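By letter and in written order, the chains are A, B, C and D; residue numbering begins at 1 in each of them.
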């Protein structure tokens, strides 16, 4: 996605593109809602760890981090958050998480989870200080968040204990449990519910149909967001699965709100006041 | 705010204006975080109702509705949601709330809360069907959400039982408990924590300073969002109150993310992909 | 209650007594469920404090402590627990609370709540170390948990700021906010929902009826628990308020479980295996 | 265990026995805390189901049921409870769950979980009415809770889709997803954390040591609960794993509470007021 925007900026994008990733339903489902479940699933399948009472640090409080934090807190873990963005940090505070620097907690946490979209968030200096048995895994956007390369040095011993699980052992006997060699835990060690696949596939299909059907010149060689109404359409297609019943606006109400009764339900001026940051930069 | 945008659209705005209301910190604090607490406070101070086991319907699942739902669910209420927007409705489903039409639940709920920004959401036809002792209140943006006017008919008896609390009694003896005559519960029957006031006042003060200091022509006669960096600044000023410690980007990481180490932490292209709907239209 | 048991042990009880306090419904409602709400209500009405992001230490993790911790955690506070009983301490861990000594956290918490049933849990040595603006209150069984007497020394200034709220000011200007002068917050600064009153009054009335109707010699001069079946009866009388529907055992199931279809639903041998500690000693 | 008590009652128990199962730590860990995690794990590993938005009915609100309900609610499921015991039913209400008869919800739930300790809780009449794709599993004490035998009739087709997962297909094409053929999900499809094994093994080892070391005649041919102090000892041995720090009573406090500073921390008279029902009969 980043590359698409860079191409666009550089004027090198030769076709119109839809930024499906930033559609609301996609964002929420692939990130917050899906990760809320897959962090638990991924950790259980690889380590059988008990969540209750565990101390966990989650690096990054974007959608992915929010999902991981909420799930682990709900199951009795004590969760710390690291953040670079003051707004996300304040959200973490209000949601009941202590916002710390990694160095404040690295010696006593049981689990370290990265979801920043950044690189070298957990470097060798932190890996060296983790306690024996600490579990380290990545829920972010690439395999760069944990500096796994730094662990390939002669004094450390690697033991491959089962698929996706390595023990890295220090000379003094301390070991850490590295999952998926630092690659994405949710892709490597968990599964994706069919419901989420359906949301994603529907969004992608609608984007392609939109691009195909659009009148000549409607879309230029740029990156576009899925039209809001289509985002709403994807959502509405999935409501019956939950036996959910939408309320319809009366004519009087639609007029009062200055909306079309069939949506989109966000008024036009919202387009231009884009500052709402649903996702913080700290995650992909 | 709506009026400001209408003036702007009509070309009748004679000074630049800052839309402080849609700054992230303001939104989150005045709406989600503050309402999460004030719904409980407002209901307790007026009615002493026990939340555990109560059935509640919350109309509108924007920031205000999300706050009300989360608080009541956490204290053991069973919460139903009504929505017009399929995206907000899907969020409600994933957060564990049944999405219903008001008519499906109006006969058996104990509490009705409006947070839609809409008008006549709870009309006389619903008030007639509520059960005896049902509490009705409004957390939305104006006093139009509950059609209080419809209750001023000869066959209904009003009893003012204490400040902000009226009993409206039907001929058969059924009574409903109307709070603040349908005006905002959080303003009428609850208090605003000084922390929230501080966030709001800081945001407003910074907006004024920005407008005052801006070079000639920087702002036209239009409505502007608070520059993102200032939003972040407001947040960072309030972090020490929580003993929260921000992580700083290394030079290498800032380069990797293509960000200034001091923020803003959301890259520029996010401005143009405005579809993130943090607040749904259903609320103010 | 303690006195009743002491009298009984000393053979000085001259009438049979019912220990209504330890009936299950009374325990749960007056303690866990009621305190879960009244801690929030009591703090809001006296101080308007925002719960989100606040650091709180709760002394004692019995029913009252569990209720306070659950409510504050749900509203975004970061909660620490102190305990003397390892079983309650382990429960606190599994519920996601850090178990600490008061001295570990006293310097940086925003709110201190006692619910131990013990005396001098918060002594002057802790009061001296609290940070400026710290709120101190008691949800336990008497006014001895906070050593308020120790605050009546010449160098400290007391300011009565409003009913139930005193500022105690140190020579260096630090002040703490003492609620209800250390008496019970839930009785002094909050209200009791009618639902809870109904549970309690029903239990007491049934106990009196049982004692009055009992055949000569059924009850000796001792302290008795409310017969289990009556406890269940109190509960069943309150289920319709929640539109709750009990399932009835089939004949075959009752036989399989060796139970009477009308209860009591706990088999007789459970009477003798009393070790289940629903309430820890740490609270009244 | 039931058999032990029956033998004891019949005078046929030929050695003393320790009821380790009803020790507090064992109860809480093997039941509430462990099931809170294993219900999620067992469902994910077998079906990859998404929990968010799912409607679930949990039969039985004892420790196991409470664990299942809490976990699923936390992850966004809408949970209904069935109960035979009015006290447990009232607890379910106060914890925010609708208490229903199975017949009220069986047609529209997505998942059915039994944790009653009872037999034929989900009989063929309910299996017939489930919707297509409904998942059925058992977390209770034996394989009798779901009437699996009733599904072995000629008109139903069984498809074994993977280990522990069967599809049972009705003539009209409706299928239900039966896990572990109705045996215990937590034993068949999930794992037990080493922490829980440690609690259980420690408790059993201490019970054996106690029986072995006891003076002649201390234990008769009966079933005994683990002495309370030992239960506390097991808990205290596991606190360091959570970096939990117990508070010690001062001499003055121990005297005030009439307790030994080293425990047991529950006063003796609590033994005789056994009515606290931590576990309801509805589960094993």
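Assorted remarks:
By our rule, a residue touches a chain if its C-beta (ideal position, glycine included) is under 8 Å from a C-beta of that chain, and two chains touch if they have at least 3 such contacts.
Every value quoted in this text rests on a predicted model; they were computed, and no experiment measured them.
Homomeric contact subunit A/subunit D: same residue numbering on both sides for over half of the interface positions. Counted by C-beta pairs in contact, the busier of A-B and B-D is A-B.
Averaged C-alpha coordinates give centres for subunit B and subunit D that are 40 Å from one another.
Centroid to centroid, with C-alpha atoms defining each point, subunit A and subunit D lie 34 Å apart. Rounded to whole angstrom units, the spacing between the C-alpha centres of subunit A and subunit B is 26.
Residue positions 33, 52-53, 75-76, 93-94, 98, 242-243 of subunit C are each in touch with at least two other chains. Subunit A makes touch with subunit C in their complex at residues 52-53, 73, 75-78, 93-98. By the touch criterion stated above, subunit D contacts subunit C in their complex at residues 5, 9, 19, 22-25, 27-29, 33, 82-87, 89-94, 98-102, 104, 117-121, 225-226, 228, 231-233, 235-236, 238-239, 242-250, 252-253, 256-257, 259, 263, 265-267, 269-282. For subunit B in complex with subunit C, the residues that touch the partner chain are 33-34, 36-37, 40-41, 44-45, 48-53, 55, 71, 74-76, 108, 190-196, 241-243.
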